[in-house]
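In this document, chain identifiers A, B, C and D correspond to the written order of the chains, with residue numbering beginning at 1 in each.
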Amino acid sequence: MVKAGVLGATGSVGQRFILLLAEHPEFEIHALGASARSAGKPYRDAVTWKQTALLPEVARGIVVEECKPEGKFAECDIVFSGLDSDYAGEIEKAFVNAGLAVISNAKNYRREPEVPLIVPIVNPEHLSVVEKKVADAKKQGKKEGFLVCISNCSTAGLVAPLKPLVEKYGPIDALTSTTLQAISGAGFSPGVSGIDVLDNIVPYIGGEEDKMEWETRKILGHPNADNTAFDLLDEEKMKVSAQCNRVAVSDGHTECISFRFANRPAPSVEDIKKTMRDYVCDAAKLGCASAPKQTIHVLEEQDRPQPRLDRDRDAGYGVSVGRVRADPVLDFKMVVLSHNTVIGAAGAGILIAEILKAKNVI
Amino acid sequence: MVKAGVLGATGSVGQRFILLLAEHPEFEIHALGASARSAGKPYRDAVTWKQTALLPEVARGIVVEECKPEGKFAECDIVFSGLDSDYAGEIEKAFVNAGLAVISNAKNYRREPEVPLIVPIVNPEHLSVVEKKVADAKKQGKKEGFLVCISNCSTAGLVAPLKPLVEKYGPIDALTSTTLQAISGAGFSPGVSGIDVLDNIVPYIGGEEDKMEWETRKILGHPNADNTAFDLLDEEKMKVSAQCNRVAVSDGHTECISFRFANRPAPSVEDIKKTMRDYVCDAAKLGCASAPKQTIHVLEEQDRPQPRLDRDRDAGYGVSVGRVRADPVLDFKMVVLSHNTVIGAAGAGILIAEILKAKNVI
Amino acid sequence: MVKAGVLGATGSVGQRFILLLAEHPEFEIHALGASARSAGKPYRDAVTWKQTALLPEVARGIVVEECKPEGKFAECDIVFSGLDSDYAGEIEKAFVNAGLAVISNAKNYRREPEVPLIVPIVNPEHLSVVEKKVADAKKQGKKEGFLVCISNCSTAGLVAPLKPLVEKYGPIDALTSTTLQAISGAGFSPGVSGIDVLDNIVPYIGGEEDKMEWETRKILGHPNADNTAFDLLDEEKMKVSAQCNRVAVSDGHTECISFRFANRPAPSVEDIKKTMRDYVCDAAKLGCASAPKQTIHVLEEQDRPQPRLDRDRDAGYGVSVGRVRADPVLDFKMVVLSHNTVIGAAGAGILIAEILKAKNVI
Amino acid sequence: MVKAGVLGATGSVGQRFILLLAEHPEFEIHALGASARSAGKPYRDAVTWKQTALLPEVARGIVVEECKPEGKFAECDIVFSGLDSDYAGEIEKAFVNAGLAVISNAKNYRREPEVPLIVPIVNPEHLSVVEKKVADAKKQGKKEGFLVCISNCSTAGLVAPLKPLVEKYGPIDALTSTTLQAISGAGFSPGVSGIDVLDNIVPYIGGEEDKMEWETRKILGHPNADNTAFDLLDEEKMKVSAQCNRVAVSDGHTECISFRFANRPAPSVEDIKKTMRDYVCDAAKLGCASAPKQTIHVLEEQDRPQPRLDRDRDAGYGVSVGRVRADPVLDFKMVVLSHNTVIGAAGAGILIAEILKAKNVI
């Protein structure tokens, strides 16, 4: 069994890491880290558990530690970070410097050129940068720590159906996404206030649009020739525009997207539907336990996907696409639904770890 | 007092016409029409009243008639139609043929070249076609009936802020709108099912996207040289793309829009904000009772407009715009909020009638 | 495998029967019945599928029949009825007369003295009446049809925690329940209108309070000495008062209940919590596949149970109780949560059938 | 004009005081107090305005002060406190000691025997205690400060319809209320978390049930013979039991209540409906500007009152009652709806002040 640690274990992302690890066939919870206030308490007393599933038995008694790369954490094969960005910067750096493998949901290091930003059903090939780093160190008899970042939740849904399309039809030169985002992504202490989403829409999520616009250009890009860092796709060659809204949905981000291919003539609606349907992500090819059976579900019903009905396909690791049709302004428009706390957060971390394990990096 | 009739008086649009008429300084309810099943009953018994405001005293005792251009209806100066499209076609035609002035919320005749499609804070100048028709008939000593159509609710919100912009900066050649639409627009028998909007989004509203795409090109266009009919703006010169969603909001349609001007260089963000702020609609210049004091509210708070907080500005006759900013794909993006049952339906009908009265057409 | 038929297969209760049967270890779908309009079509075309889970493969191709006790239905070991009460009366009678075993969710025959009204985790011993009837017929070489009714959903939640209490502490002489009921119970065509539950409560559900008040007195009562019929508990000896509300919850009925025992002194809060916790329903003792591991979950957190967090305990077959405390007016008050479409409807039917099978009645 | 101060002016209750004062015919905003962090800023910069109505012009520029009984506050005729209970204790005491008249929404002093706890449409006669105190001081040439407490919001709705009933039919000896409470009562920083009320109920509101149980016995009681203090009605003679739930409603508390009169025979349903309808509160008799025209609206529609449809009757100062019917356990049951931020909080404070002014106490 792979020994897993969780940083920020009492927060909303941390709780989901724990849920997923508790039932995992290959991973086991080895260390849980939280603030000094929680350290020393059994997890059941440190946490205000807010998940639909019950607090797993296996986690209840684990004594929470401070978030330091020592003690149980030093023994971990992989460390998942659900830390708030206020704390993630320092702590994650310390863990990597101590030679640990860290997969983080925080935004702090996503833009660092040498850090892979991964949506595991989209660009696991970007992990080659850490594979190389670890292999190089190994040759020198050293153990090298590294950091992998999970993308922003709304970026994950956006890039998933685009990946097979750019692979087949070449670059997308213009892309717009208007999101209708669930509240679970905002955590719960306090998270989104009830009065803000009752009979209401909040047409703004701080920093979200910017993240979607540049993360897309990193994830759909490539490592440099040395396999050591990533350049963003050129902003002029791939224009991305996001408009983000918070709506009264618990889980599942809906995105109304439009896009245009750089190459002419563009494929047909049927072409792109087939291409998305036929896409099998590398995680599935590697046989990863959490990989979706069907990566992209292309729905034909005219009023789908819907978050309540479709967010749990493939346990939240599959993405649903519907209403694929021609767009009068760009080439195509369609609706994309992804599970923000699975493929857009903790679940993505788990699947990244599975891929790293399948590739013998951890 | 102007004698007003209401067709479809027991439906959701009809109820709102009655609410607005009951408190109107210049109009009085003279005739209420509904199905044969309701005819003969006092309105209070015929209706299942579903409005926040109480059923107005003045309407309670009015005996409902069938929807025929006779009896009390024949005496009306203006007839508002809240009929379902299943019935509106035949009935409205009969009323016009009988020489009555009809303002309809139904979609049936909106695309007819000789019928003005009006958002009263946007294109009341299109009423010149019926003005001419009525004036020509008058010269011949005849009374001519006519029909004016109210636009689709989501179109109203879209075109309102664009009107002053195209007036000042010339044509828009590409326009996208992703809507988050309230449920009140769908009526209430049954209207939108609760299970469809609880913890959910429905990314489809039948016929809505098509309506937004062509109605915009009629409303922002012009009558022909004869002043007898309307041509749509050319689809190639003004590309419009809509994506429509139903969300858990009672009243108020939010739209995330992007647009590009045909002329270069485009104005600045500050330019277009000022132009929208300075816009005074003709209805306000004419002193119409329901005209908004401020036609377009340009908000500076980064998380506004929000439907619960902003839909009732100017009693729902004003439109709110926020987050005006440059768009990486087109020129600008912004969020527009309009009250779908006021400026997008019954309220628009009332304001159109006020304009017709101010111009002595009725 | 037990051959199962479903009447009203396209409706909301019917769809849930199909979901539960599709994954059942002992039952298989043998016949699906719906209106003449649907008959002859494969199920996938006849149904507007509205469940969170996908339409099961096994049901997609089954050709829908009319609801007549012939053809495939005549071969069924058990028939589940999700029929609307407008149709259930005639059809269920015909099925029983044809010698079929029917478990119905409709209200039509619930009050019939000879028909058992069953909450499977509460009063499966009432099935003795049909056991006897079937056994008597068997002795005479005949096959006897019979009907078992599923209780109203809000009754199921109410009686579940009371059963072990009356068994141990004797009769309850006064009982009140104020419900906060989910919308799924009302079906979806149209079901509860969105505008009725958005930022709103509807403090009325037609017929519901009456059903709760008398059904409780049937379910907590006993068969007569002949084991042929049921008398209701005397209304004066067990006063029941219900107040029912519809709220914006998808699944899970919450009930705030108070009750008083006839016997003095009353037990303590700790007594009744232990008694509820220790309760093991007969279905569990019989090893039924769907029986809850824990019948009554007694929660200690002061703000639980909550529908979103607790409705799925034991796959919806367990009932959650919280805030057990002394009541200034009666003896105790507490909050009860039950899953209305599982233990309160289709799921109850399946578990009843499992019990009948375990007892060799089917 | 009466000079009014507002303590806690940036909070949710404070904002509502400001809204009500800004349009008041007799009161004007003279001083606004908030934390040291806000002091010195114009109100528009100090506040995060969260109301549906726009921030009133008249308040925008007022410079916020610290909450001390000096400066502008010392000049106030009346001071409204919307302070959090963490701060209200010290600050309100200081204001009263400085000779100021304070009306507080905080819970701190509600139970103090000498402090009147007032629902202005129910027990304004309890203000006699402060009238006497002020008059006594006046005789001695002194100005005496005093404190009046506003009741808890859910208590206000509960006691309103009961007041005319106990006046006419004598004491109620048993009373139960199960509440479905709006989220606006919990403020908004953070207030109720969205995830707690989306597709959910929280069956617990800290301290609320206790408050309802004893406040009712103070408000329906009487001052002592000296007119200097209040004794609670005896707990044994008036048993009150509350169960409180938080639901997804923005404004308006719904309560399902049952009650029994001590005297036999009890009146009829028609009797009590007439008595509630005929009730005219003292505030209306005194001609107070905010007094409801109809104090208790007794609705006959079987599915009313509903919060979205009925909360704004008489601008929120009237209470709606529906479904009045016999109760199998106590005498009667019915549904009560009251506007929690109007008659249950800030609005009550304003109406209390109007009564004090009408009685020349301020």
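Please note the rule applied: contacts are C-beta pairs under 8 Å (C-beta built on N, C-alpha and C of every residue); 3 or more make two chains touch, one makes a residue touch a chain.
These numbers were taken from a predicted model, which means no experiment stands behind them.
Under the contact definition stated at the top, the chains bordering both chain B and chain C are A, D.
Two chain pairs are in question, A-B and B-D; the one with more C-beta pairs in contact is A-B. Separating the CA-averaged centres of chain B and chain D is a span of 41 Å. The distance from the centre of chain A to the centre of chain D, with each centre set as the mean of the Cα atoms, comes to 48 Å. For the pair chain A and chain B, the distance between C-alpha centroids works out to 43 Å. The set of chain B residues that touch two or more partner chains comprises 50, 196, 198-199, 248-250, 308-309. A complete topology is adopted by the chain contact network, contact being made between every pair of chains.
Remark: chain C residues 50-52, 54, 198-199, 250, 308-309, 312-313 touch chain A in the complex. Residues 50, 183-184, 188-199, 248-250 of chain D are the ones touching chain A in the complex. Chain A meets chain B in the complex at residues 174-176, 178, 180, 196, 198-204, 213, 235, 239-241, 243, 245, 247-250, 254, 256, 258, 302-309, 322-323, 327-330, 333, 335.
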